[in-house]
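Below are two complexes that have chain A in common, paired first with chain B and then with chain C.
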Partner chain A sequence: MTAVVAGVDIGSTTAKCVVLGEDSRILGKSLSVVGVDIVKDAERALEAALADAHLSRPEVSFITGTGYGRYKVYFGQLVVTEISCHARGANFLFPGTRLVVDIGGQDTKAIRIDDKGEVVDFAMNDKCAAGTGRFLDVCANALGYDVGEIGPLSLQARRAVKVTSTCTVFAESEVTSYVSRGKDPKDILAGLHASIANRTLSLMQRVGVEPEVTFTGGVSQNEGMVHALHRRLGVPVNVSPLSQYLGALGAALHGRERLSGGAA
Partner chain B sequence: MITGGLDLGAGVIKGVLLEDGRRLLATASAPSRGIPVQAARHVLDTLGETANIAPDDIDYLCTTGFGRYAIPERNLQVSDFTSSARGAVFLFPKTRLVVDVGTQASRTMSISETGKVLKFKMNEKCAAGAGRFVERCSKYLQVPLEEMGPKALASERPKLISSVCAVLAETEIINNVAEGVPLADILMGVFLSLSQRAHSLMRYVGIQPEVTLVGGLVRNVGMVKALHDTIGMDLNVAPDAYYAAALGSAVLGHARLQKLTTAPQGVGG
Partner chain C sequence: MSDVVSAPAVSGGVSRSFLRDARGLQRKLVEEYYGAFASVDQPRRPVAYMLVGGNLTEILRSFGYDVVFPEIVALNCAIKHQSLENILHAESLGYGLDVCGYVKNDLGLQDLGGKTSFGQIPRPDLLVCSFSGCYVYVKWWEALAESYGAPLFMFDVPYMREETPRQEDIAYLVSQLWELVHLLEKRTGRAFDMNELKRVLAESRRAEDGWVEFLRAGRLRPSPIEAYFESIFYMFPINVLRGTPGAADFYDVVNEEVRARVRDGNYPLPEEKFRVLVEGVPPYTNYRTFWDFFRKWGAVSVVATYPKVGGLFDRGFRHDPSRPFESIAEYSLGAYVNQSWPLRRKIIADYVKEYQADAVIIHGIKSCRSFTAGQGDLRDWLIHDQGVPTLYIESDHQDPRYFAPAQIKNRMDAFFESLEQRRAVAAAAGAAPG
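Moving on, here comes the complex of A and B:
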């Protein structure tokens, strides 16, 4: 039995895939944008990660799907919620993790975990775009920036403006009105990041804030957000270039356990 | 005696001129476009031209809405709840429940037999229950605002929206378009979604007839039908209900002016 496993995480915005070798080394990974045909996107995510690993499909012995579109990973043998996957992935990268904060394209989760990476409690906002990656997208657009630029720019702020709107739509208008009043876009961006940090903190407080805190999901790649969360929490947050892949990584790890007869 | 009422809303500035607290002389509106004071001046000019009245001939000016403190020449300002309730009662004296769906907030008030506000509930936190949602739909569906209502009336199987967020609903609606759902069904789904929001606010204050719809969406036939179907009850609608808050503030301005002129010591009110 070969022991190469793969995890496919179909998020609301992007598809991630991680291929794990026998020693739990990451052999390959992929990240792609999700379109209308989720089934095909899942296939492509796997193919891309396999190409990255220089492996072919028959060499993978177990595939686990997770994320918002996990039921569209038809070629998988197991489906696990993204909450369990982020917990497992965070535990793998940062074994001291007790709280996972996952800010994705369309929802935000706070997951409290134990020392084995099992979920103890969680809270989430998936009802509304406020405080999610989508909120940043919309506001970046309103300011004429690409979403990838706004984190570093927010770090150059001198005086963050206070963003009072919770609703993404109203925040967009608020941003526009700040611009027309001549506020520095960097200060507005810092205000937006601080506002998300506030919302995230209240979600975290629902499950209990306990270090170490590991920040995952697409928004964890935004250094402005890492800074804002750190400031709001008063403790450093773990981030890694792999943070965005933690769901897929966790899925692969769950698959590995299932394969070796353990509980998934 | 001529009183002016100005409603400085989040999206549109509305104004009326009222004679002796009874006769509506003129109505006017202009989009606020982030410069509400300028828009308000424009509305006042239009009102004067329509009624053939010089600005000085306005005896008393009462403002309401988000921007009510922005007009220095006002004589009085009143809250949006009070003014839009009073405007609804002016148009439909038997009103017991007012629903006001505006650009940025929706509110509902229960009214006593004497026209006083008894209880109210408002949503100003979230765009999903407000006219802003309709404006955004108009943009990305590329249907002009004024055509949305009439087009929605052709709906046979309204496509309900499951998202409770205006931004997430956008994705859902675009997916529906991609799947070939007829435009009329999508539009009616938008109005039903707004109506459901309004309905939960209404239930909070208590629903009893007569129900009067006022504010920005009253001229939208799609919204009127959706709200009617949602609450299962007839609604009072009138074209002038669009100006209800401005009208109500003019009525309240008139009442204040009368009090001032009949009580000589009350100068400075």
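Moving on, here comes the complex of A and C:
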């Protein structure tokens, strides 16, 4: 039997899939926007990753679902929360990780892990999307930028403004107010990133800040956010082009463990 | 093997065969209690409103009062999905979003005429504020007093910072109890009857013995009881009917049922995978959903702090007919909600050991800062100082708008997942040679 395994991470904004080979090498991956039909989104994510890996469905021995849509990964054999998966994925990529910061579309999580990638403690934002990817989307929109542009722009700021609001809706009003007062959008963006870093730090402190810190989730691809977190924490932050896939990667690793008879 | 034992752990709702005679009797007692207020066959007895924490039921009962607990009325409304209408009505009267859900449910219900699906809530003839540790409660009782034009007796209970009550505090409370007795004599025209109080206290004591026997069954492995979700039902007699023979008899039925469960192997779940301690007020509006989040993981609450809000009887306290006023004072001082955080921590740490709990789940409620404030520190203390895996989740006990099932489930899934994983890793390490 070829021990190819896959992990499908259905988040609030994007679906990610990672196909892992026998030697735990990533054979293929996919990233797509989640719509209203999560079941189909999950299937498409898997098909796209399989196409990337030049594999067909029967060649995959085990599939694990994770993320908010994990129960809609009907074709999978195992369901694991994204908290355990990000922990495992971060440990795989950066074995020295003790704290994982995952900022996704609507969630921010701080996950303290041990040397095996097991969750020791975690904290999440509650009932509010402030400080998440959605927060950045709304603010980028208010400034007329695409969310992909704002990280690099924030790094060009000369004097970051103070964004005091902890509410996504009110932050948008605050951004509009700064714009009307003629503030440089780059300074506003730097302020927004610093505001998220402050909010995230509070979550991280709840579980205990301990290096190494690994940044995962979609927002980890925003270099302005990486910079803001690094600055606020005072310690380097691990980040990789694969950071957004760590949930899916962790799911695949959990699947492999289950397949080999361990407890996933 | 019974049906329950072979039933899948993840099936929804509460297993009916797990909750048998005792649950049926509890329902009957609730119906009789509320039904009596609407009865036209009997002359109406005077009604006193009181708070659960440190309540003075026995004294009121000895004067022939019926006691109504608006907190319990409110939780009955919430569990029957009737609280939101009352809360929204209270908000339309001007009570803010952050005001306690118990308070808003009650004031909204009263203003709407006091009619519930389980009975008509009678108007009070007397208001006894038996727990002064919560400023919002004091204001609640003042609002009721003004609304009904009923007299208000404020019972001032000093906060407990030491395990053993101080003699001067007991004396202070006893002096207030005599004030209450004089007020009751004046209002009822009856002379205080010490023998009647002693008789009521003896009934209370008998109920307390039975209640404790039930709670301590959680020490067994597997536990034949659900110390949080099931105990919630059985709190009604110990809090509302305490001092009546019916309350004491009820626990005889409960304990007989628990013994039968052990004999028949009829447990809350087919497999007790995790033994948990639960701290905090339950989300009554989504009680079954919340319970299912535990059941799914094979988690049984073997001990809980919330069922002790009406008295820490399992820590040794009993009402004592030979020391009537002193023991009532000690009871009021020793209410769980009247304990300082260091004392609450000690109780919880003791419970973890005594009941061999694998983990602690804390459910904080937005409504109540007096109960919930400090639970974040408790979580950190349990994890870092005691090495006990602990999860903190938050919603509300009354207001369904604050219960986010997906978020709560996600946190609970991740928590139990990590417990399961750690257990597997430890087992593998134990099995490894050398």
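As a convention for this text, the second predicted complex is superposed on the first by the 263 of 264 C-alpha atoms of A that agree within 3 Å, B and C clash if a C-alpha of one lies under 4 Å from a C-alpha of the other, contacts with A are read in each partner's own complex, and residues count from 1 in each chain.
In this text, a contact is a pair of C-beta atoms (placed from the backbone, for glycine too) under 8 Å apart; a residue touches a chain by one contact, two chains touch by 3 or more.
Here the structure is a predicted model, which means the values were calculated and not measured.
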So, after the overlay on chain A, do chain B and chain C clash or fit? They clash
In the superposed arrangement, does A:80 touch chain B (first), chain C (second), both or neither?
second
Just to be sure I read the superposition right, which of the two partners does A:106 touch: chain B = first, chain C = second, or both, or neither? first
- Query: Between chain B (first) and chain C (second), which does A:128 come into contact with in this model arrangement: first, second, both, or neither?
  - Reply: first
- Task: Pick one for A:168: touches chain B only (first), chain C only (second), both, or neither.
- Result: first
Chain B stretch colliding with chain C in the overlay (listed: 23-31, 149-157 or 203-211) is 203-211
In chain A, both chain B and chain C touch residues 127
Within their complex, chain A touches chain C through residues 68, 80-84, 116, 118-122, 124, 126-127, 206, 208, 262-264
The chain A residues in contact with chain B across the complex are 36, 106, 127-130, 134-135, 138, 166-170, 173, 176-177, 180
The answer for chain C against chain A in the complex is residues 376, 380, 383-384, 394, 402, 404, 406-407, 410-411, 413-414, 417-418, 420-425, 428
Counting only contacts in the complex, chain B reaches chain A at residues 34, 104, 125-128, 132-133, 136, 163-168, 175, 178
